[in-house]
């Protein structure tokens, strides 16, 4: 953006940090207004999320979900496509996981995980395909179509879970049978008990899949021709056309990638945690992914950090409702909203003053030499020639 | 389907379309001025909550309505601040507002009423009553006209009539007044408005605030006319449907009436015919429930094609880079 | 020589004192003083980016100055916004028109100057007044026409009428003739003279020294944010003005040897293009370009030149035949995109480098591969070879004297001329058989123009075919070996530069073939 | 035993006016009666299920009461890890030595209110509004329809579901509109099993002057004179009993069926609906109730084969 004025560290660290602090401050006011102690709340929030191995187990579990949805939204963002359909795509990803795991007797979790990932990504991508196609060929606004596909997905899921995939006689809970023991993903407790995770920790090997997805997205976006084209298309469609980049192809490909990544969330949530498909396995992670991508500036490192933040908010928020009597769980929504608002929409409120601060502190040393233009790419030798 | 059945479905469609209509016109004002608003949903929800809460406390639905409008306006102000003053991303701001409304209504509701985010049920003067139009009873017996007037048109809450009135009103404001001309201009080319000596910021705030007022009506209608109190998340996606309707309506007032009524109709139809038996194939309920959304996609893909939004829409007005 | 401290002169329509303005790090105006006498036409010239538009926008209240004061009619006036400028009797026609495209002429004229809260009476009154103004100044426009249906010349009239409708005494025109045919420009000048004779003050920004000499009374020169000189037009010459603008002597001609055309490289037959709105933009183009030859395409913007470049460049759909080196080029289907065209040896410097030619947020090194990013030398395996791109970029920057020669700088941080050099370096160094080049020097300062022209001629001398599209007749005349004039989607005439003049070309550009055919 | 009991309120929240609220009321009654204390956690999302269960157990709560079918497979995995802790699951069967499963015969209760609806209806058309089209809701609907048909074989039963998203349980507007739609199709008694949506159903019924039937807790008081009765499901009793039994050290694990015979399900009678129900209706319903308890009438349970003998 304005990289000429502000050092990079201020851009990627200082401004988001101040934004976050503001969001928490306002959240604190809300907490105080409903008659609770904001400092205690903050303590529980932090301690509950990152104060113990137990907390970390949950925080990183949520983080894993948000990494997938955040990366998915980010890839679409790079092509300047706003994918609000994460909820539906992740739900369909869950369906993919379930189908793969229920109908094939996998011998070992490793192959099962591979197959489930393919299933999740395929189904997630498929659910993104129609809105993508309509956007690319008919110009139907992708924001609206992906929202609609969220609704359609939930209808489809209810239908399948209550009519088709239901286990007969199992008591009527709209969920599939449990997956076989053989496809159980090793949890953090099983992998690294010495780190102090409890047996119940939902954190599982999918976390590494999420890290791999970060690296994959980074390589894809910044190191491959496809990524180069996606970014170019996102920056300027006319330029993309000029360079021989097909808008239809990029729209399709980036939405399929987006949906696929989002679908992968189900490997963590459905295969790793629930070990069966339940109604609404996504639990809002698709929407959180939007915030994560925005906060993370659509960069995998940023997405990772933002996902961690939201993961901690989720877990810490949960602890908050456990620990503080009368604290409704919706307080998490409020905090989330404020974080999105301050880091996303009100970014300039903090950024502009800080930019000005840097601008003035930088200009000052230049002032003894007023004739030197600061215009980059100017003609310095002429600047010197003048008195 | 018999005539009376049609009347009843239309009657239901009218009720269901009204909140959509308010929200759609709200979005129309905002987007015509160049400010995208996917936060309609949140504003409806906030208004529904506060209107119900105040109607309960005061026992007066009009005060409730006022409070609902205030709630919606506060969110509008946030949206304006983010997208006009600080030139932030309008979509992000909208997403945040939706989250905020879902959260804050329950948090505050729980603090006030301790009913898990519900408000107590509203009684009597705390709700909008149904209005019987003059002579409705007298001519009910007449064929065709009778049911249309007495059953379809009569017997709605005053907000339904006001909503319908808002359509020509919006049209008139947009196309017949100075304010409307400027509003449309600022959504197409804010620089033209600016150089003509009119404040872009002022116009856009005005539009966003009108949007807030109309969303306030939508929410109050949900909580105090259609139902008798607030239940969490009671907006149930209507803000998003209104947005779809707005695109379908190509940002025009009369079309907005048509589009929202169509969605109301789809909904009413889906309510009435939840399980269809088509040529021996049992169409599952879920399909009928998804039908309005599927049709929206079909409509967007097929009939509307490229709906051209106001040209400056979604972009903050930046003079100096 | 600054006017600070001197008493105000009531004879001056405008006096600016110490105006400064920065955009972030860019100092667009530095301590500028300007005095414009009442009832004169005052020219302002200067290179691109010199700060002319910025200065005028400050006067019109569009931008706020960081420092300085404005005196109107001898009175110190605050101009915080455009409304204040309008109230002070200032009207401005911007370089990029500020019109609402899908409004009617009438609506655009009344916007912001309505009579009351209701539209109908305002419109009725405006319609009358507009007709009268149009009659008075011979500016015929249909009040009910929608702007986007009008040509640029007409749109400009709307802008002028807008200012007159607001009873402007001082009229600022920012590069008004850039988009006009010579005949339209003449008409405009007649109007301006008429306005001056009525006692109105006119400020005219232009790049065309000829126009300055023809119409202005006084001329001020800006260079890199500063006001360097103000002279009486009668006392100066184009050469002197050019030198004032650039700070050194400039060749106003291009030195080139006569062309030695070889075999035909490009043959186009009956090429037609219809745009998305269904409007036919190219109505059957036939042309042929030989190796070692520059074909110049002249014409007023919007007569199909852009579409010609786009369809040849591979990103507009058309019908007809295009043969390159005796091979037919696919005009439809999957093999018809810019990438395949490049592979066939067509390079393209697009008309709008910021919109098409560069990704403004990409760094220079990313941009040097733009369009050629599939090249084997920029790739290793599945990944792009960024080191190769950086090295290539550094080398190109060196050869094309791009400043600063920093491959890591984002494209948007280069000045216009340097941006253009990056695009040119990318396309020319491909050593293409055919170079399409649109508006090569638009927004480029005079120093860089010389360099760019030299490069184009050098490429021709290597035996390449070049299709040059430019709205600058001077440029067309100077570079072309043959000139084709486009009007309304057709090539309306072809001339040799030695056998024609700007007058004749101007007539052709306006679609008048009768006299020329005789 | 000195450990305090724990209650995990399920998604939907403790003031859902039905299932969770009923459990909460039971726990509160236990507090009032015994002066004891208990731990309570509200679930915020699906992934917290296991977390919360384990937290409760690790905190030392005993017994740990979980509500709703969605907990079954989680509890199946969690219970063996805490052999010292007793768990109680409502609405589902989990076969573990330290789990007490409490299931309700909703179909039987629904059958009885269906009979009442059938008798109270003047038009011969009655209706049902469920939250989501999931099997448990179909269990209510199916029992209801059977009851209606039992007293009026020609009766028409309209069955509608609210939606497919979680919003379906919180959409009183849609509930009201569905009610009106059913009224227009002739229904004059509507039974709602739809959480928060039901509030809109009962409201619309009251507004339009027809009868309604509440669910889970006694909702008769919401619109006196309009709510015909409520199909109460004594989750409160289940919770109360579990707490009490555990305090006395005599909690029995295994399956407990709460049906008509032990007043686990019932139709609600109080002063609010006294005027709506005739002696005769009560007589008929009581007779059927006895017959069911005696096994003379078999009310089909939708969950047993995911189908219903009468058309839904």
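In order of appearance the chains are A, B, C and D, and numbering begins at 1 in each one.
We take it that a residue touches a chain if its C-beta (ideal position, glycine included) is under 8 Å from a C-beta of that chain, and two chains touch if they have at least 3 such contacts.
All values reported here derive from a predicted model rather than from experimental measurement.
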Looking at Cα centroids only, farthest away from chain B lies chain C
Chain centre separation (chain B, chain D; CA means) in Å: 35
Rounded to the nearest Å, the gap between Cα centres of chain A and chain C is 44
Chain C to chain D, mean C-alpha position gap in Å, rounds to 75
Residues of chain D engaged with two or more neighbouring chains: 133, 164-166
Among the residues of chain B, which ones contact at least 2 other chains? 116-117, 232, 237, 284, 286, 289-290
Of all the residues in chain C, which ones touch at least 2 other chains? 24
Can you identify all of the chain pairs that touch? A-B, A-C, A-D, B-C, B-D
Chain B partner, complex, touching residues on chain D are 13-17, 133, 159-161, 163-167, 170-178, 180-181, 184-185, 196-197, 199-200, 203, 222
Listed in rising order, the residues of chain B that touch chain D in the complex are 4-5, 8-9, 11-12, 15-16, 19, 114-118, 121, 222, 226-229, 231-234, 236-237, 267-268, 271-272, 274-275, 284-286, 289-290
Which chain B residues qualify as touching chain C in the complex? 175-182, 184-185, 188-189, 191-199, 311, 319-321
Quick check on the complex: what are the chain D residues that touch chain A? 41-48, 50-52, 54-55, 69-70, 72-73, 76, 78, 81, 92-93, 132-136, 138-139, 164-166, 302-306
Within the complex, chain D is touched by chain A residues 58, 61-62, 151, 154-155, 157-159, 161-162, 166, 168-169, 171-175, 178, 198-200, 202, 269, 273-276, 278-281, 283-284, 314, 317-318, 321-322, 328-329, 332
